[in-house]
């Protein structure tokens, strides 16, 4: 039996290194890397649901799981343990899709392409690692490893204040990671687990006293909340998005934010159930504030990217809410939402990037009526906006629907807040479309071209994914619900 | 008070006064005089403590060699031998720090035996046997220190060719 | 066999250390700094000597005196390096006032 | 169309409910033992089709009107740019509308409901380069979105009412299925929490009000007339706006409303009927007159459904679809011919467009409820039905009276429009000399005219009657035409006729020169044109209220939250600058730090640490 | 014991001493070429390193063992008071010292060829290394302090060895004054301990730590000794000299000071304070009361406070520092705080973590200062802003430097991360208030990210201001006419930087080969050896 996950990791790593060294062939190498990655992940995805006997399980409950000793000290055993379950598999699929879409979208990147594509691959590598890691150290390692390429992606390529934004991003998220690390370590050592493996920690940690768990969960929660990001720890996000190149924004919104959600599910909720239950009021308060804040502030944004960034805060607030519900439906909704938001926000950021280099600005009031000049671009923007506001037949709908239903089941009439905010969310997207896409042309220079083919292919891929899983969410749901957590029946 | 006690009190007083004077006088050559007296005074204390070997060593190394070295240093770095140190204020903070240090150290006096304690005397032969035997590495290290010092000091002092 | 107060010696060495520290903190002439350091060093040596003299076990007392011997040698050697630096500094800057050597700061 | 009609025929031959569950859309398996959770049986959402009398009736409407509008569009839209988009969106709309009608559960219903809303949004904004059209599209989307959100909550609430209580594979496993033989099922289930059920009904009503432009979510529909007239005819008259009524009907059949909900629905219907009609009275825009009339007629249907006469409401929906589509298409022909929508610039078109004039008149008569035109039968049944409930529900009285009074207004406003457009002499010489359109446009007019005449008579077809009587098994047509009902009909027809007469007297007789200012009661007119200020209130709420809050929040976000982050950063920077001053470069200072540190360490070791250790214990 | 008997196991020390003497002899004989004396030094250091590695039990080198296995980690018999012993933790530190010296010696080959004084430079480097090696063996307080002084005196001279650089001489002067003060304090503290316990042997001190006859005297002794040793370790507030000295010294010497000699202070603290830290006696109360007294927690708390203050002040001071070397110096100070955590906790995991942190710091900080040297050689100025655009002009150098900074910041996949991870894991594992120590340490490492990232920002994000000044040779020496190899950096520096960078990543990826021996060495250290 081949260790599939390490093979994927190795192929990604090899591809990344090759991309860095490939000079002007970097984009081809990156494309090949991402294509191979997507194929591998696709295989895993299909085999996961369709061919159970195929999945090795050296860690119970996790498919394709393997474990190699890494650091062996008498008081601490660290293993290179990786494996996937339904939740991580869906997010890995997201990673693979976003990687290839980003590579294709950025096909004609001219500023230091080798570094650019290399960093994109590296970010995806780190995200993949986070999703497969089943060991505290390994998890944290990948978690932090994502920061570095993202730091450079933000800092080198585009916006005028990019250096400041990169620095802010790096420091802010690093502080959070560190608090999270303390929480994880304390969880490990207070629970008496000498192995840092997820299975060992998850087995030992629930035995901790609820009071201890409460504090530990808070530490972990803070660590993940910054990545989410949750208001008021979100201010790094708009800056980072605005200044990052499109590929950076895409990966930032599409992948990095998901790390927070995944981490919370895997390493906090599962590991510290009692602490989670105690801290749920805080989780809910944070979620509600983020939902409302993200949406309302979006309404006031003039910069398209900033608007999408704040809408991310809103969506990730719903994810947090769904996780906080502590129900199988809520968990399902959270994962679906993460996948949906990953695809849709990527699409929106790509559109914003195209808008920026087509019209020279992303200021919403400055341009209008672009549809006749750039119909394809308008279509992409529209598809993204509509998917984001939860239109049926697109991926956002099943996710939001299940999330809201779960919220109703868990919290009753408190569902009114996220429900009401849906109107505001619709409002800022619809308003943006009215101002930018419709009306008489304004700020549309003569002789502009519509979406170039590479960007069109990148965005089109995402639109296709949006529609496919919007119509057939069951493909994702069946994989998610076969995870051995939270009332899912398990494989 | 017994005679040794009176001697100790006197020697101690002289040690403190000479040390302070060495640092406070403005004439640098006077400083050397005071510090020489200080070293001799300490040698006397060693004799009082029935450690004659140390007393002799103190006289030879400190009152002799070190004092000369210091005098040499002053002579080389001053145009006139009797130049005066620029007036520098004593300053409250350094004084307070130094005084506090003494006070802090004095807190240990409480727990020391309050009465007189008899003094042990050691024959110099025992000293040398031990020093060149079991504790030889100390001397080896001292040798290393000297090797380093001498080679380094020579390098620093030797006028380099341009 | 003479008997002397242990505390008195501690008081003396403390006072000498205090004087030495005071000198190190206030003097600006490098040579005076060396002298102040030597005063403090002598306080430490004195400590070894009298603790050796008052030691309850002879073997340990011997150790103290040996240490004193080594330290006397060490202190003298240290002064040599210090003086070498004084000379080098003087040759280069024409001054051995440490208050004038503050180019490195911040 | 053919399929729709066939299904309807089949349904009328054999009334009943046929379902065909196609596939499971989303499935949450039952949890393993030890994790009971909220869904012990798991949870699945399915997509399927369901045909019953309700949907059969709707299907006919959708397919027939859809076909005719498509046909009409060929000529009407010939000169427009972006026709592929138009037809694609229109087709998508029809598909979604059929999906909505055939949905077999609330979720699927909602899914297609959103899709038709999307198509409506696109089609209203078909002329997106016109700011008014873009704005109207946005408004339509957002206002209906408010309703959608309420609908969604209603779904959850119904789920809570029934979802957890059903046996076995019932609701719990299947989500929101419209289960066959639901009445028996519902009868056997204690109706859960009555308050919950009431709120659920209110939420569904909210959804319906958004889609069917009921008060106070009615503002978008008149503005939606920025879309092409064909779109108005199909979506904003015949089908999509009726979906709200259909939702109420489906809900009342399968899920049930409480008495309070019913009263609320009746009240909403009554109020909307009347107020929309008043606003139609002064409109200078031909399409908006019809739009307000649509709102008003939808109010009738809502009223009927609320009063318990579901099938009667749908019957009115059925007839209304034909005559309202007819009115719109006729108005479209006029607009196509003269190039304006302003009634006061038209006039005298009867001579040049006799067919259109006749069609509009037929539509108007049907709308006004003059026998034997279609509207008479359905509206008469409707009013009679509501009247029959007044005994047991005296609270319905005011709304019944409002609805009854509307009959007069209806007759007035629609014929005011007819007289202004078709009678007299042309008033604006700058207009095109209009003429009838080609066959693609006239054929639908003729067909719809025929339907507007005869659709009401279908009720005498035995199959159709059976359909209505058995539809959903709730309530059919009041079986007997007693004296009271006849009297009611007579009064109604008189009122309508009176309205028409007043319209003739004011606008058709030539005694008043038809100008916008010629109407009496200018103050009232201003209020009506301003739509009672509701629209500006919404605009204020959106543009000033919400946007101001958003701006304030943005300010807070940038300067307070992010400012705190910056402040933190600055504080450390200041600290750093300050502390660096201790690094003076003077070696004596460094030595004094050493001595100071020595004292600190001594203090720690001798005093502080022992105290702390003694106080808090070691380790 | 005869001399021959005691010298036997001291193969590495003898090699280094012999090389130093050889270098001096060659100097006298007139053979002063940098390449020659450098090669001798490198060979000697490498040989010594191999022997040490062999002694540590790295299998492929078993033939090189100089140490009889019976000696390693042997606990001296009661009553005997050896001055030095062979503990495996000491050998680990020896290996690290030799590694640092080797890196610096290699890089120093690239110093300007016309610069004079290569023999004295390498000779003193070797003697300083010898002092460090002896520190690692010490089991006697006076032996320890004297060995430290060997290194100290050698480095005083090394800092000022160019003789013509006013800044370097100023640095040497400051270094000397504070150093001499500190050594005086150390001896004074040792004398008080001698008075309190009657011995200077570390084993004996450990054994009798419990029976404190004069607790106040003992605490004063430990306190003053701590102040003296803190000078070498650059703990706040005994750190002030370090910044100026690292700044003013020749870059390679800075690398040696920060990456090498500083660590003898760490190991000295390990040796001296393990005894009191491990001594716990229930009872509480004040040392003045005469009642039984908690020596262990008191010392632990004091060390912990110093550690936190050191980390925090170092980091805060580094935040806005404009000069690269001073920034690195402050960062070095804060890193010392992390190392102090290890001994404050005193468990073998914590000591292992601290030792790994030392190892990491050898690589990171020596490497970083050597990069500074390399950058100076290609004309990059001393201020951080002068480094603009290095990422595009010298990508490999910039990447290596980035690795070192990221490692200093504790970013994963680097040795700096692993060491912090182990150290803070150990702190959390020790529970109690040590968890807060871990929190403080981690928050500090977060704070430190700010200034490391700022440097990365300057190097990679900001465009180069213009072409580098065409200048070969070293900044310190006169402008040499011969351009250096490896892109103006010099092959020696390139090799040293490359080795450091590779090791940073390699150990970061798979620390087990290093961490395993360190852990067992730390366990031996805590269990018995001094």
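First chain written, first letter: the chains are A, B, C, D and E, and each begins at residue 1.
To be clear about the criterion, contacts are C-beta pairs under 8 Å (C-beta built on N, C-alpha and C of every residue); 3 or more make two chains touch, one makes a residue touch a chain.
What you are looking at is a predicted structure, and each value in this text was computed from that prediction instead of being measured.
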Query: Expressed in steps between touching chains, what is the minimal separation of chain C and chain E?
result: 1
Most distant chain from chain D by Cα centroid: B
- request: From the Cα centroids, identify the chain that ends up most central relative to all protein Cα atoms.
  value: A
Message: By raw count of C-beta pairs in contact, what's the busiest chain pair here?
response: B-C
Statement: Taking each chain's centre as the mean of its CA atoms, chain B sits from chain E at a distance in Å of 31
Field: chain D and chain E: spacing of chain centres that average the CA atoms, whole Å
entry: 76
- prompt: If you average the CA atoms of chain A and of chain B, how many Å lie between those two points?
  reply: 71
Field: Separation of chain B from chain D, taking each centre as the mean of its C-alpha atoms, in whole Å
entry: 101
- request: Can you tell me which residues of chain D touch two or more of the remaining chains?
  value: 580, 583, 585, 587-588, 591-592, 595-596, 598, 602, 606
Query: Which chain C residues touch at least two other chains?
result: 10, 17, 20-21, 24-28, 30, 34, 55, 63, 67, 70, 74, 77-78, 81, 84-85, 88, 98, 101-106
Message: For this structure, enumerate the chain pairs that meet the touch criterion.
response: A-D, A-E, B-C, B-D, B-E, C-D, C-E, D-E
- line: Listed in rising order, the residues of chain B that touch chain C in the complex are 2, 4-5, 8-9, 12, 15-16, 19-20, 22-23, 28, 31, 35, 38-39, 42, 45-46, 48-51, 53-54, 57-58, 61-62, 65-66, 69-70, 72-74, 76-77, 85-86, 88-91, 93-95, 97-99, 101-102, 105-106, 108-109, 112-122, 126-127, 130-131, 135, 138-139, 141-142, 145-146, 149-150, 152-154, 156-157, 159
- request: Flag every residue of chain D that touches chain C in the complex, lowest number first.
  value: 580, 583-588, 591-592, 595
Of all residues in chain E, those that touch chain A in their complex: 349, 352, 406, 409, 411-413, 417-418, 421-422, 424-426, 428-429, 431, 435, 438-439, 442-443, 445-446, 449-450, 453-454, 456-457, 460-462, 510-512, 515-516, 519, 523
- prompt: Which of the residues in chain E end up touching chain D in this complex?
  reply: 173-174, 177-178, 181-182, 185, 216, 219-220, 222-224, 226-227, 230-231, 236-238, 240-241, 243-244, 280, 284-288, 293-294, 296-302, 305-306, 313, 316-321, 430-434, 447, 450
- prompt: Touching chain D in the complex: which residues of chain C?
  reply: 21, 24-28, 98-99, 101-106
